[in-house]
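Same chain, two partners: chain A is paired with chain B first, then with chain C.
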Partner chain A sequence: MEPTMDAALFYMFALMSAVSAIAVVVSRNIVRTAVALLFTLVGVGGLYFLLHAEFLAAVQLVVYAGGTLILIIFGVMLTSKSPFSRYEPKLAEVVIAISLGLVMLTALVAAILRADFGRPRQLAEPLAYPVDKLGQALLGDFLIPFELASVLLLVVMIGAAYLAKARRKDSTTGEHG
Partner chain B sequence: MQGMIFEWLGVQPGPLATLVYSVALVAAVFLPAVMLFAMFAIWWERKVAGHMQSRLGPNRVGPIGLLQSLADGIKLITKEDLTPRDADRLLFKLAPYLAFTPVFAAFLALPFGPDMTFEPRLAVGLFWILAILALEIMGVILAGWASNNKWSVYGARREACQMVSYEIPLGVSIIVGVMAAGTLNLVQLGHEQGGGIHTWLIFKNPFAFAAFFTYFVASLASNKRAPFDLPESESELVAGFHTEYSGLRFAMFFFAEYAAMFVVGGIQAALFLGGWNDPFGLIGYYHRQFVQSENGLGIFLVNLIAVGVFVTKAIAIVFVQMWLRWTLPRPRIDQVLYACVKVLLPITCVLLLGAAMWQLFVPEMPGIPWVDYSPWNFGQWARAGATPALITQAILSLVGIGLLTAIVTWVIYAAISGRRIKQRLTDPAPIDEETPAGAEAAEA
Partner chain C sequence: MNIGLEHYLILAAVLLVCGVLTILTKRNAIGILMGVELVLNAANVNLVAFNYYTWSGTAASPLLSGQVFAIFVIVLAAAEAAIALAIFLNFYNNFTTIDVERAQNLKG
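And then the complex of A and B:
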């Protein structure tokens, strides 16, 4: 791909992520927040794609955009009473969030100012990071963390199944149980 | 190619020019192709439905009703674009685009021919298509949610349930195929299956053969096709998630659905059914020959035929999807989820284990050439050593060749025995005349 194309796409995805990230913060409607988050995630996925980290981009889409976000919206649909549930933050929450955000911002700005980006390097070739190497690393060098993560997921799954079963006993099953 | 066009137009290459170029390419080539396919598929679906129910289907606009979708499209464009008063206007308007765009992006990695893929270097092509198709659900859920309508929300919820659960067997079935091939790149998958029907992945081991069918079932559900069309079940939920939509936005959902059917069928063809390769390995053989001798015209012609073969295979799978819609009744949502979690998921997990064991313990076939296969050299067959894998593959290939022959014979028989095709599609058959229903469907 020509550098001009890369540049155009980079600006497009960067703008998309930035604008929708602001929308995530500004919007008070939870579903709209989730949609804005979708665009942020897709934009970041696009940036991964431009860096030829296609596997990471696809994982970003399938895990965050395709899985987590759908579950968020699903949760909102099942729990909220009014269709357009609004989020009204309390004053204390706003203060805590702003102070946390400021700390984070200072850290990021400091890190960016100190970083030495150097001259722009040649982008990696498409097949520079083959997927099979990634798989071998996951099941070879990093086997223990990988298996620990799956044990964690298993615990979560059993817990969820237990909670769902406990509730099933004292309530009549609706359409979606 | 981009540089060539810029030079020809005398434009300085820059971000803006590139952006305009890409947008123009998408608008002029990509979008019309997808739209055309969707329109054809909608017409065809109605034709199949008609013939399966002893009706004719659309037959007034254009020859055998081919232009019906165009007429419907014009009608939908001129219709009022309604938004319910209490809907979330922004999300309501956004949802159809969110449903349509991902499907569109999935065409990026589909291998239409050896050199006819939009992004052939995509190392994770298969995974990319799965990931991008998962985004389509977002549009459907938002549509249901933003409509602020009880039935729409029910539809959206069902879609979310169904999609999140069926993605797992879908992915696992694909992994079974990928294990047999050893690559996620769809173009490479095509090259690996370039040696005739016995090298197609579906016939490589028994687990891949079974995964072909589990993939098909799971893909039906993830595409919300009948019998898994609960998100829009018209007999219960009015029209499900798109109840409140009208005009062009309504049409967008249909375009998305039919384009997704093609993509899903395309993956199935590329992964299990040999992609762009014909059953005799001629396309793969001649492509290699022409690439070696640098015969530009030859490569182009082979590619053209390959595109034809690939599209035919994908459309054949879409056709089976249509068949099923008019054959099977719709289960309840709990039955759908039961079928996924307690039936399909265990089956695919067993298949995954089996395929892994097969890769570990059954030796690669030494005799069958995978790369330098020549359909004219029968001596290669004699040299093949007899291993369990080879025997299984031979049996499975024979089943496949038998099926293929049966289908071809059936279609030819239907064509010869029936009346002229055009007549069959336009004139009603006399009621007392007995026509085989299957033959009709095969031709429609």
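And then the complex of A and C:
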């Protein structure tokens, strides 16, 4: 890809995710927050494409934007009496949070601009990051975490089903699952 | 105009700060969960950007540790969202609200 095209795409996706991340912070309506989070996730997925992590970009779009966010929106629908319920934070909390955020951002950006991240990648090298290498890494060097992740997903599935079932038992007997 | 590692890191810093601010200011438990997702995404952007820009391995067999880590983070985030929502549903069932300020049964 040409450098200018690359830069334009980067700024487009970066602006998209940064602006909607700020919208996640300032929006007081939980449904709008969820929609803003969707745009943030899609923007980050686009950045993965620019970083030649195509498989990761697809996973981001399918699992995050398609799965996790739908789960969150279902949670919003199941837990709010009206879809526009608001929980206003106290003013002091907002002031403290904004000042803390500014301090954090300044410190992080200053640290990033001063840090030396070692030798930069040579752009003359071939950029191909074929997905088969990723598969070999997952089933080679990272085999044990990969298998542990499958056990984790099974545990999570059973745990979430149990918690959802205990919810119904609670309402009839008053016992905590 | 070349896009370097610093651009991605600064974007990730913005996402991280937004996530932390969301966690701090939201009183809706699901809003806090969204803040956690933002923080995890910021970490993922860092992992993938470092994987891409600090090249290691050979052209035939590049080291993809950053991308593999990012995949595991996505898996863990999905699992965490599922469990957190089940807990929130229980909480909503007991308190008929998901305002985290109401979760103070253990307060002395």
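Going forward, the second predicted complex is superposed on the first by the 129 of 177 C-alpha atoms of A that agree within 3 Å, B and C clash if a C-alpha of one lies under 4 Å from a C-alpha of the other, contacts with A are read in each partner's own complex, and residues count from 1 in each chain.
We take it that a residue touches a chain if its C-beta (ideal position, glycine included) is under 8 Å from a C-beta of that chain, and two chains touch if they have at least 3 such contacts.
Worth saying up front: this structure is predicted, and the values here are computed from it rather than measured.
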{"item": "First (chain B), second (chain C), both or neither touched by A:Leu152", "value": "second"}
{"item": "Which of chain B and chain C A:Ala110 touches, first, second, both or neither", "value": "neither"}
{"item": "Contacts of A:Leu139 with chain B and chain C, given as first, second, both or neither", "value": "neither"}
{"item": "Contacts of A:Gly67 with chain B and chain C, given as first, second, both or neither", "value": "both"}
{"item": "Which of chain B and chain C A:Val95 touches, first, second, both or neither", "value": "neither"}
{"item": "Touched partner set for A:Val35, first chain B, second chain C, both or neither", "value": "first"}
{"item": "Chain B versus chain C as contact partner of A:Leu78, first or second or both or neither", "value": "both"}
{"item": "Chain B versus chain C as contact partner of A:Val59, first or second or both or neither", "value": "both"}
{"item": "Dominant contact partner of chain A by residue count, chain C or chain B", "value": "C"}
{"item": "Common ground on chain A, meaning residues reached by chain C in one complex and by chain B in the other", "value": "4, 7, 55, 59, 67, 71, 74, 78, 126, 177"}
{"item": "Partner chain A, residues of chain C touching it in the complex", "value": "1-11, 13-22, 24-31, 33-35, 37-38, 41, 44-45, 48-55, 59, 61-65, 67-68, 70-72, 74-79, 81-83, 85-90, 92-94, 96, 98-99"}
{"item": "Footprint of chain C on chain A - complex, ascending", "value": "3-4, 6-7, 10, 14, 17-18, 21-22, 24-25, 30, 33-34, 37, 40-41, 44, 47-48, 50-53, 55-56, 59-60, 63-64, 67-68, 71-72, 74-76, 78-81, 85, 87-89, 93-94, 96-98, 100-101, 104-105, 108-109, 112-113, 117-122, 125-126, 128-129, 133-134, 137-138, 141-142, 145, 149, 152-153, 156-157, 159-160, 163-164, 166-167, 170-171, 177"}
{"item": "Interfacial residue positions of chain A with respect to chain B in the complex", "value": "2, 4-5, 7-8, 11-12, 29, 31-32, 35, 38, 42, 54-55, 57-59, 61-62, 65-67, 69-71, 73-74, 77-78, 83-84, 126-127, 130-131, 175-177"}
{"item": "Complex contacts: residues of chain B adjacent to chain A", "value": "2-3, 13-19, 22, 88, 90-91, 94, 121-124, 127-128, 130-132, 134-135, 137-138, 141-142, 145-146, 148, 153-154, 156-157, 160-161, 163-164, 167, 184, 333-334"}
